[in-house]
Amino acid sequence: MKIGFIGLGNMGAPMALNLLKAGHAVNVFDLSAQVVQALVDAGAKAAGSPKAAVTDVECVITMLPAAAHVRSVLSADDGVFAGIAKGVTIIDSSTIDPASVKAFAELAVQHGNTFVDAPVSGGTGGAAAGTLTFMVGGSADAYEQVKPVLSAMGKNIVHCGDTGTGQVAKICNNLVLGITMAGVAEAMSLGEALGIDSKVLGGIINTSTGRCWSSDTYNPMPGVIETAPSTRGYTGGFGTDLMLKDLGLATDAAKFARQPVYLGALAQQLYQTMSTKGAGRLDFSAVIKLYRKDGKDGKDGKDGKDGKDGDAS
Amino acid sequence: MKIGFIGLGNMGAPMALNLLKAGHAVNVFDLSAQVVQALVDAGAKAAGSPKAAVTDVECVITMLPAAAHVRSVLSADDGVFAGIAKGVTIIDSSTIDPASVKAFAELAVQHGNTFVDAPVSGGTGGAAAGTLTFMVGGSADAYEQVKPVLSAMGKNIVHCGDTGTGQVAKICNNLVLGITMAGVAEAMSLGEALGIDSKVLGGIINTSTGRCWSSDTYNPMPGVIETAPSTRGYTGGFGTDLMLKDLGLATDAAKFARQPVYLGALAQQLYQTMSTKGAGRLDFSAVIKLYRKDGKDGKDGKDGKDGKDGDAS
Amino acid sequence: MKIGFIGLGNMGAPMALNLLKAGHAVNVFDLSAQVVQALVDAGAKAAGSPKAAVTDVECVITMLPAAAHVRSVLSADDGVFAGIAKGVTIIDSSTIDPASVKAFAELAVQHGNTFVDAPVSGGTGGAAAGTLTFMVGGSADAYEQVKPVLSAMGKNIVHCGDTGTGQVAKICNNLVLGITMAGVAEAMSLGEALGIDSKVLGGIINTSTGRCWSSDTYNPMPGVIETAPSTRGYTGGFGTDLMLKDLGLATDAAKFARQPVYLGALAQQLYQTMSTKGAGRLDFSAVIKLYRKDGKDGKDGKDGKDGKDGDAS
Amino acid sequence: MKIGFIGLGNMGAPMALNLLKAGHAVNVFDLSAQVVQALVDAGAKAAGSPKAAVTDVECVITMLPAAAHVRSVLSADDGVFAGIAKGVTIIDSSTIDPASVKAFAELAVQHGNTFVDAPVSGGTGGAAAGTLTFMVGGSADAYEQVKPVLSAMGKNIVHCGDTGTGQVAKICNNLVLGITMAGVAEAMSLGEALGIDSKVLGGIINTSTGRCWSSDTYNPMPGVIETAPSTRGYTGGFGTDLMLKDLGLATDAAKFARQPVYLGALAQQLYQTMSTKGAGRLDFSAVIKLYRKDGKDGKDGKDGKDGKDGDAS
């Protein structure tokens, strides 16, 4: 299949690579010449604009940081709508707000195209391994149509419902994730202050009603889970600033839907505080630093690799 | 073994019954003549006071609503310390604050006894089935000593560390539980308002990073998990007022330890609001009623059986 | 002076009327023919579009519900920029986010105009009486230029700093207001539950360190302040949905500035809950209904006049 | 009048001094020989125990850190009840929980005495100057009886209602205070981040609906109010740990009364975080340090004099 791929960041580049490996012909566009060249070396064809990337393709995939970028890539003079043929489906794997998805879908209909939201979980690790989960919003027909393409990049291709529900699923899951992580951080810190061994406490929670991914897989207390970012200085993983972005989308969506999100709004403030104090690039489980007494973490809260190199969510 | 058992409530009565079934001789005391008679009918010996219940026994077990009751049962003129022989161990399975545990343990030492905290999880279902989890705080010797007795009433007998750490484990687990339940309630309500099918959303969360007991076993949105209290009108389960009590213990312990518990303190307010508005006896997953738009739950928030008849925590 | 006035809602209409009373010639535009006619009856000249309203004027004033309306009024084909002469100043008295202000100001510069943000406080009462406070963001020159025009509609014309700072002042003040009102509601409800007379408690707070406008002027407990909306069933005043809008702007601005706003985000959830449960049109002091036990307020939370007819903020 | 005074801390010592100045004969007791000697030098008579201090007096005044101290001073073998004559009134000016007040009042009745709660506001400055406010809980008769004695130490002697309502008034006022201070800190920090001058913003808030003592008298942003602790490095004033104690009392009272206190519980966490991070002795307005970006406050959050030397609340 001939595919136009726009947005070759930490996630987009390995995704496009997997499309090439699966035998697809891929036109790529990104503002960074360096990442474009890496894909060209792997067999992609470089395009000078989104418009150029989507001319004559059978499918368009976008993977961009925020709704504003998607809007620009779609509607600019040299954008997707300027070059795309009628009937071609646009798959947007960016994580953006559901209201923007609906607006883009209407624009697509006006141009004779279909717009499907398909945000992912699985991080850069899943992107490289081709084991991402895609949460797809669109009609049953559209889902069936995009499933084969997405299968080259992911393991689970889940149909969430109509247009926008892919984003809703992603946002709601990460809302729970942001809350549970901060909740586990509170409980583990409280337990530490009250004198229980962290491994014992983790073990009890993980076999009881408090069990959750944030405790049994990504426990924020160093040493409880050997493979968690907390045990390697909160490096790698899912960056605090990315969690902050997703909680921002969740609270925005809640405002749009006129729904209260008490714990979500508070969790957002906790990650914002981490970011404001300079720890935005640490794994989001570093939120536990807000709770532990000074000197107990052996870190200054400012180191850590780029949080984007994550393997969570 | 000859055991004195004090406190025959919804949890204590089936626990004492299991001791009888295991062949122990059990002296029982409770303020309610009715529950005492039920145990006597099953083979227990009624005692007229805590003092009378513990004379000549090899082990004392208390299962009471709050620290004030434990204090009174221990120290009253006709209390445990007035009748207990030196060297006998007192096992308190009540859920109380760790600071009180330490005070009771010191009193016990002064009387030549050992005090072990052993709060439970598993609810009245686990108490009846003998499948409770006991979280034991005390020395390694004390743990080895009480393990056989507790095994007649529970399946998992976990040694948490020194005196008080059993309570710390219970409190910290339920802190996570109270937060995750409210967090899942927010996310499921937000998803509903944004138009995603609740079963689809539940399915995604339960296989992703948001997965937790509050979502995959006790999901607060009716219909997502067939066996959850939400699907039977929030009856049975773990009562809102009991969760409120445990979050009260958690925030008290945090105050004592001078630790912040942002989400825990906020979750406490949410369950308090439920209780203040008359829903204290519903299962704690009914907290989702705070989020869903009126008319969507088909309930007035005031029905439901006694929340004490729970099978969670 | 010849002025174009766009947006004749509950606030805009009386403001335009005061301009007429001061002797200005006013072109008016609004989507509602009815409100336009009322102004025409008072001496204004009706315009068929924003473009038509601003042709040949010396000053343009906009008073609109949200940033999206301002954007449309400015940039539509028959919008302000299509008709305005170079050098004319646009005064926007809408309450919108500071980032949009800066975007509009840049557009204005491109068209050879100056854009000044001048949101108001004082409510519909102040608008009618011509006693509004205007918080002006713009250069010192621009401030001096708009001051005489604004003086026809308000009593205090405050220069807040550069473009956008008028909105910052408005948003930050209302952030404090939303928090203090909910805080006073908590304290008055707690005092009531603990048995102190509400008037006595109000009196103590109002002469002590807890004193604030939300207590000494707008106390949410009925009967404490005779002239407060709480004493007349939470009618009139400043509507819950308007406070919710302003807290939405504050939390959006905080997200933009990467600043935590813990209490603001939580207060937003409280007003959102009121709105979700159907009380959005009551005065925002009705937030106390979330705290008082059922049956103590004699209201069902759904009555009340349109919150827009307010005299606060 | 002959008075027994127990508790000569930062508040108690100057209060006892003012009784001496007013011509009363005062027996004093404190665990610190040094503070007792200072009072003896001023004309007081030292007592070796609370019992000794209250023998033959016409009135007893206690000023102690917490309810546990009051309980001990009243009920110990050499305590107040062991020495006091029937009919003598006990005035407790400590800040403690209303439930303890009621328990102490019942004990007093059993001994033939009257117990009046009379917590103060005005800080050490007001204690020295004799300008404290006393919030008195007790019968109208008891109020009339204690008023002359309290007038030697304070300016406003307010009758709040029955026993315990003095504490309720104090706690509810400080609940509002703790919330408004953190709210003002959020708004001033947000304004700073958004580029408005802090003095301008403070001026607008202080003449608008956001005005409150925490902004117009004790503004947490340095330089806005010249006489505020923020302008002198957060020294002096009302210590963070004291505010934390009072919010602890408020949330405890709310738990007792089964009332939600959303903002109060969250504010408690903010001051707890300050204390946990080492800033407990700074004035409570230092809570703004949680919000401002690093490097903007020129402080490390750990300096500052003893927060007890306060002039607020």
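A, B, C and D label the chains in the order they appear, each numbered from 1.
What we mean here is this: a residue touches a chain if its C-beta (ideal position, glycine included) is under 8 Å from a C-beta of that chain, and two chains touch if they have at least 3 such contacts.
Being a predicted model, the structure only gives us computed values, none of them experimental.
A.B. asks: Using only Cα atoms to place each chain's centre, name the chain farthest from subunit B.
C.D. replies: The chain farthest from subunit B, judged by C-alpha centres, is C.
A.B. asks: Considering A-C alongside C-D, which chain pair is linked by more C-beta pairs in contact?
C.D. replies: C-D
A.B. asks: Can you compute the centre-to-centre distance for subunit C and subunit D, using the mean CA position of each chain? Integer Å is fine.
C.D. replies: 38
A.B. asks: Please tell me the distance, in whole Å, between the geometric centres of subunit A and subunit C computed from their C-alpha atoms.
C.D. replies: Inter-chain centre distance comes to 37 Å.
A.B. asks: Would you please write down the residue numbers of subunit B that are in contact with two or more other chains?
C.D. replies: 254, 258-262, 266, 273, 276, 290-291
A.B. asks: Which word fits how the chains touch one another: line, ring, star, complete or other?
C.D. replies: complete
A.B. asks: Spell out the residues on subunit D that touch subunit B in their complex, using ranges where they run on.
C.D. replies: 248, 251, 254-255, 258-262, 265-266, 268-270, 272-273, 275-276
A.B. asks: Give every residue of subunit B touching subunit A within the complex, in rising order.
C.D. replies: Interface residues on subunit B, with respect to subunit A: 98, 121, 133, 135, 156, 158-162, 164-165, 168-169, 171-177, 179-180, 182-184, 186-191, 193-197, 200-201, 203-205, 207-215, 218, 250, 253-254, 257-264, 266-267, 270, 290-291, 312-313.
A.B. asks: Could you pull out which subunit B residues touch subunit C in their complex?
C.D. replies: By the definition above, subunit B touches subunit C via 266, 273, 276-278, 290-291, 293-294.
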